[in-house]
Amino acid sequence: MAINRELREIAEHIGGTISGDGDVVIKDIRGIDDARAGDLTFIANPQYRKKLKETKASAVIVSSEIRESGKNLIIVNDPYIALTKALALFYPEGRNPTGISSDACIGEDALIGEDVTIYPGVYVGSGTRIGKGAILHPGVSLGNGVVIGEDAVLYPNVTIYRRCIIGNRVILHAGVVVGSDGFGFAHPGRDNMKVPQTGIVQIDDECEIGANTTIDRATLGKTWIKRGTKVDNLVQIAHNVVIGENSVIVAQVGISGSTKLGKSVIVGGQAGIVGHIEIGNNVMIAAQSGVHEGIGSNNIVAGSPHRPHRDWLRTQACIAKLPEMRKTIKTLSQKLAILEKELEDLKE
Amino acid sequence: MAINRELREIAEHIGGTISGDGDVVIKDIRGIDDARAGDLTFIANPQYRKKLKETKASAVIVSSEIRESGKNLIIVNDPYIALTKALALFYPEGRNPTGISSDACIGEDALIGEDVTIYPGVYVGSGTRIGKGAILHPGVSLGNGVVIGEDAVLYPNVTIYRRCIIGNRVILHAGVVVGSDGFGFAHPGRDNMKVPQTGIVQIDDECEIGANTTIDRATLGKTWIKRGTKVDNLVQIAHNVVIGENSVIVAQVGISGSTKLGKSVIVGGQAGIVGHIEIGNNVMIAAQSGVHEGIGSNNIVAGSPHRPHRDWLRTQACIAKLPEMRKTIKTLSQKLAILEKELEDLKE
Amino acid sequence: MAINRELREIAEHIGGTISGDGDVVIKDIRGIDDARAGDLTFIANPQYRKKLKETKASAVIVSSEIRESGKNLIIVNDPYIALTKALALFYPEGRNPTGISSDACIGEDALIGEDVTIYPGVYVGSGTRIGKGAILHPGVSLGNGVVIGEDAVLYPNVTIYRRCIIGNRVILHAGVVVGSDGFGFAHPGRDNMKVPQTGIVQIDDECEIGANTTIDRATLGKTWIKRGTKVDNLVQIAHNVVIGENSVIVAQVGISGSTKLGKSVIVGGQAGIVGHIEIGNNVMIAAQSGVHEGIGSNNIVAGSPHRPHRDWLRTQACIAKLPEMRKTIKTLSQKLAILEKELEDLKE
């Protein structure tokens, strides 16, 4: 539940300047359409600026470009960051460890740290290590020899296969699967001979993985998600993929086997990336792209097959003009035929 | 198990007219290829009409365009609707409440209605309310403060996060995740600072959500699926999305944050929709479309990026002709060069 | 854990010829970048050939094209197959049946074969049959009347709805859903009247299904995955689909209702296939394709909408040239106008 606070106190906490009444009492934070008297709201996207006049909120977090009179404002550099801090103030994360349920099954030799919460219906394999403060929600299943970091949160029905390693403060949303067999078959389409998948998955500290995303174990070695990377829902990460630090992988992306992404790569929703290629640092891949070959650092690409974003824009503009182009070509052909004939007549 | 019935009785139930023998006894309903003597089958799609002669079925549900002699027919306006009614007659939905398993974990202050069925391995958080007649299959996990409507069915391993609201007669198929955190990070690609997701998901009456579909909770306020909307498997619905009444979202569609769909919108499989846009009522979006901006009511669109369906068809026709167009342009250039030269010669 | 073996012994097991020292002792198998002294590695993809000089591995599995001196080699016809055999030698599959957990719920009349392993938190419906040697991991839920074949492995949180049939030696990875209702509604976008889904899913022997993949039950009859077919993660297979023997369906593919695939069909990642069509044998469908109509046997297709792969390549080459084509058309138009004028002048 939210706690009442004066606007002044919030401004201080989020590092903003007040324009208007700092004494006003704020009871909750709501979106600009839903906000009522007593609420704080925010404008992060300039397209919503026109809603400032209509909102019933008692105060609004805005960027320094906005200086509307008649509203109580907290003026900040980045309203989205400020909102994040304000939300953390109003909705402090509650972690009340409730211990290990007697309705959970804990394997032999499992090492469970302090203040770990294990809900009913959890299965923990033998030889597993669980760091202090970790939370395992109902239906979580950990194979033998799994390692879970400190303060990690595994939401309901997450599955981790044997020997996979989850870092500190990692969040795995419901239904995530980590460590399923890589899709490796010799003679595909003939006898589909299964290649044993003997590697693991390693997810480093501060990563967050979205609901029902699947991350396959390596054939040999490890599939590796590096520190601070955020993966959305329903993403497929194949065997031996490596994703660099602080990358952002949006929903329903598919990354094929052995492909390596650099740091701070952003991949838009539903994009697909072929196997065995390298993507550099700070690359941006547009939604629904099909990436078929490696990309150097600092590039922006789009389309399927992908091309530089600028080229893609130009190509798309042409595609919209195709019917017109086709017509023009036809007209040109006709005119040219006439000219040819006329010229022939002239020559005679 | 199916129950024997006379054709006459079935025709009456589904509102059709018999052509042939109404006394024939029907034992089951099967597809036209699999049907045997004693079976009722149907032709809904005209492309299967030629199978009417070959089928071994004892009777066939058909539309009024078909009046084939030699077969027992039930003639109806809409064979698919008629099939639906016939199936409901032969396979009445069995709801035998079996009570609350002692192998389920029910939190404090949970309010459980009459005739609720809770299977083993279910976890129900504290303060949760479950409407009468609801069925929670094995492995279902409900967070604190969740509300489940009357006669709702949650298949195995469904996860509902804290405070989300599920309406009456809603069906959630296995592995559905409702209420996972929205994918909101400030400074994406830099420090990926997590924005707390403090809103909820609300799914209204008569909705059905397909297996392993994920619906994220709102940052603030609610993600909202309105009455009668049907969502297929493996769909991604992001934070603060609103989907209007009676819409149909086919498998593997992705809808990005804060986008609003009107009533009776139909979205084809694997389509993607960007965030922060509005789609009107009765819009149809073709499979694999990429919708990048808002669409007014009653439009049909296709392609990625999307365009009006008619334009898309024309554009696609041109794309198929591109190699030919390119060749023609080359030929035109050559002919023009010749003409230019000839004209030059003439002038001299 | 891996077991030490002489190179000679491994070569014999995988059917290769040694070049170099057959007495060297191999302790493990690692990828070419990670391999250390004592390791065996492999080069399957020619693009990695240049790494042969740098690897620290004590021996390398290679194809007969490579005869590099200074390294211990096992020369084979197919390095990937050879690796598969070597891995099976080093990592023999451990199946130690551990019996039926007292924390599992087994329904009435369930028939459980010899040497079956049932983990805690498993739910087995009434009338279910489980073949000998099968393994049901934690959180698996089987509806009433389900059949599970011999030596089948169901990883955690797999859901099988009532009456579905799983063959011998089938592997279902975590979170797979088999038998959820097909997405069938009469009057879509109007009242979305649910069509009862009374059929089943049948998965034949030696199939493997990837994590969080969903396979819907048939409306009538069965959805059918035939022997030896391998399906990757997050794939959607709709009601009444039939997939022939030894096919390979890569991650995030969607196959719509009633479509039939032949034998040895390979479908690339994120491809979508419309409903009610037939795909022949040995068809290859490129990643991200959109297949909108039937395809005869032995064809290779690409693109959305799909076309023959060769045509698609030609078309793509043209699309890259579109801005240039458009410019040329403009130039041609201008030149033609000049010519027309000049010709007019000449005639006067």
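Think of it as A, B and C in the order they're written, each chain with its own count starting at 1.
Heads up, the rule we're going with is that a contact is a pair of C-beta atoms (placed from the backbone, for glycine too) under 8 Å apart; a residue touches a chain by one contact, two chains touch by 3 or more.
For clarity, every value in this text was computed on a predicted model and none was experimentally measured.
Traced through touching neighbours, the fewest hops from subunit A to subunit C number 1. Both copies, subunit B and subunit C, contribute mostly unmatched positions to the interface they share, with under half of the numbers common to the two. Centre-to-centre separation of subunit B and subunit C, using mean CA positions: 25 Å.
Multi-chain contact residues, meaning those touching two or more other chains, occur in subunit B at positions 121, 139, 157, 175, 212, 234, 252, 270, 319, 322, 325, 329, 332, 336, 339, 343, 346.
Of all the residues in subunit C, the ones that touch subunit A in their complex are 29-31, 33-34, 45, 47, 78, 80-81, 83-84, 87-88, 90-91, 93, 101, 103, 119-121, 137-139, 155-157, 171, 173-175, 206, 208, 210-212, 228-230, 232-234, 246-248, 250-252, 264-266, 269-270, 282, 287-288, 316, 319-320, 322-323, 325-326, 329, 332-333, 336, 339-340, 343, 346-347. Of all residues in subunit A, only 105, 121, 123, 139, 141, 157, 159, 161, 175, 177, 180-181, 183, 185-196, 198, 212, 214, 216, 218-221, 234, 236, 238, 240, 252, 254, 256, 270, 272, 274, 276, 290, 304-305, 307, 311, 314-315, 318-319, 321-322, 325, 328-329, 332, 335-336, 339, 342-343, 346 touch subunit C in the complex they form.
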